[in-house]
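Heads up, the next two complexes both have subunit A, just with different partners, subunit B and then subunit C.
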Partner chain A sequence: MPRFAVGDVVRVRRAFPPGHVRTPYFTRGRSGIVDAIAGNYRNPEELAYGRYDAPTLPLYRVSFRQADLWPEYDGPAADTTIVDIYENWLEPAEEGQ
Partner chain B sequence: MSGERRVHDMGGLAAGPLDREEPEHAAWEKRIDAIRALCAKRRLLRTDELRRNTEDLGPGVYDKLSYHERRCAAIANTLLQKNVFTVDALGRKMSEIERRWTTGEVP
Partner chain C sequence: MAGPDTHSHDHGDHSHGHDHEHDHARTFQPDIEDKPFSHYQVMAEALGELLIDSGVITADELRQQLEWLDARSPADGAKLVARAWTDPGFKKQLLQDVNAAAESIGLSAGDIPIRAIENTPAVHNVVVCTLCSCYPRGLLGLPPDWYKSREYRSRTVREPRAVLAEFGTVIPKEVEVRVHDSTADLRYLVLPMQPKGSESMKADALEELVTRDCMIGVSLPRSPRA
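Let's turn to the complex of A and B:
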């Protein structure tokens, strides 16, 4: 069962481990809204080290306001970027954080 | 935001103008893609393993090499890690091919 639902406000964990990580640097520590649940997939962080039997985990499409990602963003306030993020990188957050 | 940005994780950095020309690919570049596809088919190389070994080339090497040079190095490192061949065998084969290349036996 996915931990988060469409519409939930989530924050990407601020973590900077070495190794193969698919969570973009520019999203770490930022809050967004779950736009869609893409399904369950094996974790690329594990697959990258040959652990092919790693359990699957939910992958989310998280929508971020551009202005929340880029301090100098001067485009329309409604502009968003959607990033695919695995559940292990997300924690609950509240609007406006 | 503090913390370490790894060299490949460049989303949002200034990138300059985009070159939209379709590149011409050299024969050796097509061979790299063929080797990658063959290794994947034989389950020796998964996409995520190739990405890890590409990223682990690290700053300097990662920036200096072209896309296909990075792929070649990452495929070689993955196959070394999986004991498909040894460093010694790879080194000897590379010397042998270099000799053929410089004498014009390889197109």
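Let's turn to the complex of A and C:
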């Protein structure tokens, strides 16, 4: 069962672990909205080290307002970036955090 | 060593027999092997050799896979887009499952799940992979060099409108620019809007309007009058 639903506000963990990580730096610590649940996939952080028996993880399409990613963003407020993020990187958040 | 400036091609001042030492030898263009062999190239070569030596795959299977990848082209993606423009049922299927929709018309999109993202009058989509070069290769072929460049990867998420403008694509302020960063298990294909004036065209003529770049989202389809 995915932990989050479409429309939930989530925050990407502000963490900087070593190794193979697919969560872009510019999203760390930023809040966005779950746009879609993309299904369950193997965790690339485990696959990268040959661990194929780790459980699969839900993958989310998280929509960030550009202004929340880049304080200096000078385009329209409606512009967004959607990033695919695995569940282990997300925590619940409140709007505006 | 004689550089291009000092290496004269004016042979008028000496006899031009074929037995003399010619310094063309000093101006060879470097071969691929003359560039530094990176760690990852070594690892890729080693992995390929190990898979073949241990009987997991044959050298011919590896070659076939490379040949298949090299033979992919944006023409396949264009077929899907043109079909979606002319067949609402197919469009629905494409938006649900690109790989299955491709298979239903005899195309192979490969094993990696691909999603179609639809441009509308309110939203313009553009695709980037900020981490590397994830790309719907099964439908568009190998990604262009600029798609893999640090400039494109870093700036498309940060100032997408400026990047689009450099491609000659100016998106009006009232249209949302939506960037898709494909960093994980999915790949993305932009379904552009059908250009005005092409409404009466048949699917095979419409395919000609659908360029690689408009399926990445950095451009719009060709105009039928162009």
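Basically, the second predicted complex is superposed on the first by the 97 of 97 C-alpha atoms of A that agree within 3 Å, B and C clash if a C-alpha of one lies under 4 Å from a C-alpha of the other, contacts with A are read in each partner's own complex, and residues count from 1 in each chain.
In this text, a residue touches a chain if its C-beta (ideal position, glycine included) is under 8 Å from a C-beta of that chain, and two chains touch if they have at least 3 such contacts.
Please read these numbers as outputs of a predicted model, since none were measured by experiment.
Peer 1: Let's test your reading of the overlay: on subunit A, do subunit B and subunit C clash or fit side by side?
Peer 2: Superposition result for subunit B and subunit C: clash.
Peer 1: Per the contact definition in the header, classify A:28: touching subunit B only (first), subunit C only (second), both, or neither.
Peer 2: first
Peer 1: Under the stated touch criterion, which partner chain does A:7 make contact with: subunit B (first), subunit C (second), both, or neither?
Peer 2: After superposition on chain A, A:7 lies in contact with neither partner.
Peer 1: One more residue to check, A:41. First (subunit B), second (subunit C), both or neither?
Peer 2: Only subunit C is touched by A:41; subunit B is not.
Peer 1: Name the contact category of A:85: first (subunit B only), second (subunit C only), both, or neither.
Peer 2: Touch partner of A:85: subunit C, not subunit B.
Peer 1: After the superposition on A, what does A:16 contact: first (subunit B), second (subunit C), both or neither?
Peer 2: first
Peer 1: Is A:50 touching anything from subunit B or subunit C once the two structures are fitted on A? First, second, both or neither.
Peer 2: After superposition on chain A, A:50 lies in contact with subunit B alone.
Peer 1: Which holds for A:70: it touches subunit B only (first), subunit C only (second), both, or neither?
Peer 2: Touch partners of A:70: subunit B and subunit C.
Peer 1: Where on subunit A do the contacts from subunit B and from subunit C line up?
Peer 2: 24, 26, 44, 69-70
Peer 1: Per the contact definition, I'd like the list of subunit B residues that touch subunit A in the complex.
Peer 2: On the subunit B side, the touching residues are 1, 3-6, 9, 11-12, 46, 48-49, 51-52, 55, 82.
Peer 1: Report the residues of subunit A in contact with subunit B in the complex, numbered from low to high.
Peer 2: Subunit A residues touching subunit B: 14-16, 18-21, 24-26, 28-29, 44, 47-50, 52, 69-70.
Peer 1: Considering only the defined contacts, which subunit A positions touch subunit C in the complex?
Peer 2: Answer in residue numbers: 22-24, 26, 38-39, 41, 44, 59, 66, 69-70, 73, 75-76, 78-86.
Peer 1: Looking at the complex, which residues from subunit C come into contact with subunit A?
Peer 2: 113, 130-131, 157-161, 173-174, 176-186
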